[in-house]
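Dropping a structure here in structure tokens format, bear with me for questions.
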Amino acid sequence: MEMNDIECVLEGILFASGEPVPADRIALTLGVPKTDVYQAAHALAHRLEMEKRGIRLVVLGDTLQLCSAPEYADYIRQALEVRKQPQLSQQALEVLAIVAYHQPVTKLVVDQIRGVDSSYTVGLLQDRGLIEACGRLNVPGRPLLYRTTPTFLRAFGIASLEEMPPLPESENGEGDSPEDWVQVKMETPL
Amino acid sequence: MEMNDIECVLEGILFASGEPVPADRIALTLGVPKTDVYQAAHALAHRLEMEKRGIRLVVLGDTLQLCSAPEYADYIRQALEVRKQPQLSQQALEVLAIVAYHQPVTKLVVDQIRGVDSSYTVGLLQDRGLIEACGRLNVPGRPLLYRTTPTFLRAFGIASLEEMPPLPESENGEGDSPEDWVQVKMETPL
Amino acid sequence: MDDPIFHLSGIVRTKGEMEDFVGPLSLILQLLSKNKIEIRDISISLILEQYLAYLDNLAAMDLEIASEFVAMASYLMLIKTKMLLSTGEDVSELDQLISSLEELKRRDSYAKIKTVIITLRDMAEKAGVTYTKPPESIPPDNTYRYTHKITDLLRAYRRIAQAEESPPPAGRPFTYPKPIVYSVKDKAREILHTLSLEGSARMSILVKEAGSRTEVVAIFVAILELCRVGEIEFIESQDDVTIYRAAAPLDLPVPPDTPEEATGGDVPNGNE
């Protein structure tokens, strides 16, 4: 069997499998030495990479596998994503607003401002890459602090946090910044 | 996006999916016109075939799919130890043809045309992915409607249903399609 | 169907080609099926005219055809009359006609399908066997891709502020479930009461009957306390502890109110 033929059959077998295939099983099937299979595998891998193709061949120990080219991962994910991502809910927007205006802020503060537990929504916003943990507050329990991310800026079409509309004075009078308020609340022994 | 880039990403997407992917979803993902996707698909398909590669790209209706090259089927079967699928029986071919030419069609119509119950064969063809349920007919009992799948096109080596061999003309040609016949039957208030 | 054209060529044939007709009914069925007409729409005069015109064109007038036509025409008349006069129940003739029509079409469809089966088989053979691959598993990326107006955020913030200011709904005072607190004293009393009724108590049962972890803790502490003051003794078996009332109270200070209340009150025949 010609080396080029081995390459082609190898490609067909690895494609149909999808999973890693032992090199010696391929050698057995084609009736060629295992070294030929490896040689063909390396040649094919090289060619796929050189031509910047959508497929890559990887050698994993004694097995060979085809996989999609990692550089196209974003396109692939986008094209194959079945479930459409839901838009932010009213609650999620509220939590995001609190984090955005009071960052860095703990979940406890978010809970206190909203009056309900916001664990799920905080997790969701983290998952969506809109907020992220950025250290811990130096109080007992060392709770995580959250802040908004560049994804947040992109989603809301602003270049920096300074572009956020200011909170109206009346609603948030001087000296009554939520940080102070929280501070007080946390220090208040129950 | 360059045509060659489209080809490569297309290959990656189709490889990762394994299943047929609608061309317009790819167009949407890449932000290119659908015609470009088809053009890239045809170029890639041509190249894979010319180079006698182990993979083929097939256009199946509005979808694109990668599959293994048929000339290496024996090697693949041997290497991956897959059982050879039995050829389609006469009955299966009949049912398949009735569904293909009259789709979407109910099992009742298939039964009536063949004069025998076709439940088993319909189930078999569904199992092999050659036909699929595609909604219900809006008549009492709401029977399921069946149509052929992209796998059907692939199995018969055609890109669309238009490539099916034409049915012989009736002696008086036009308008004698079984759909009309079914229609007539359903509308007859008896 | 205002003006149906009945294409008679290919339907009415010369004698030699007539094998596919059995009688007038078949001929009607052919006419009907080929022209897709509803029985109700049959315009006998139209068929007649066209039929005659066709016959005119035939070089040789075939008597058999002519007689068949007469039979057909009368048949059609009969059906049409019956349809017009029937009350809707007596339509067996029509039923028969329609089912025959269907049967004919069915056979026609099947015959057509059968002609392409061989071609299809060849196509499948030529296409060969191709294999597809299972989908790759792609780790999901949940990064948010929608865009919003920044003012949405301010609005969301205001909404919280408003919710905070609005007073709690009136008329329905909040009720909180009362926390259940077990006092060691009560537990000790309970245990002594049990002992006075049953003579002994198994630790495992006492614990099992406890409703919560705090109650278990209360039970343990109570037992320890009762032990300390010498009110109870216990015997340890393999996997349990059996508690007894101490045979003779030791000369130790008794915790206030524990023994007196436990043995008095609701236990009429105490140990005293």
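Here the chain labels run A, B and C in written order, and each chain numbers its own residues starting at 1.
We take it that contacts are C-beta pairs under 8 Å (C-beta built on N, C-alpha and C of every residue); 3 or more make two chains touch, one makes a residue touch a chain.
All values reported here derive from a predicted model rather than from experimental measurement.
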Computing the C-alpha centre of each chain, which chain sits at the greatest distance from chain C?
-> A
Centre-most chain, if every chain is reduced to its averaged C-alpha atoms = C
Where chain A and chain B are represented by their mean Cα positions, the distance between them in whole Å | 36
Measure off the straight-line distance from the CA centroid of chain B to the CA centroid of chain C, and report it in whole Å.
-> 29
Can you tell me which residues of chain A touch two or more of the remaining chains?
-> 12, 15-18, 67-68, 76, 80
So which bits of chain C are touching at least two other chains?
-> 131-136, 138
The residues of chain A that touch chain B in their complex are 7-18, 21, 25-26, 29-30, 51-55, 66-69, 72, 75-76, 78-80
Given the complex with chain C, which residues does chain B contribute to the contact?
-> 15-19, 56, 58, 65-71, 73, 76-77, 82, 84-85, 87-88, 90, 93-94, 96-98, 101-102, 112-115, 154-158, 164-165, 167-168, 170-172, 175-176, 178, 180-181, 184-185, 188, 190
Which residues of chain C touch chain B in their complex?
-> 7, 10-11, 33-36, 38, 91, 94-95, 98, 102, 105-106, 108-110, 112-117, 119-121, 123-124, 126-136, 138
Using the touch definition up top, name the residues of chain C that touch chain A in the complex.
-> 131-136, 138, 140-154, 156-161, 163-164
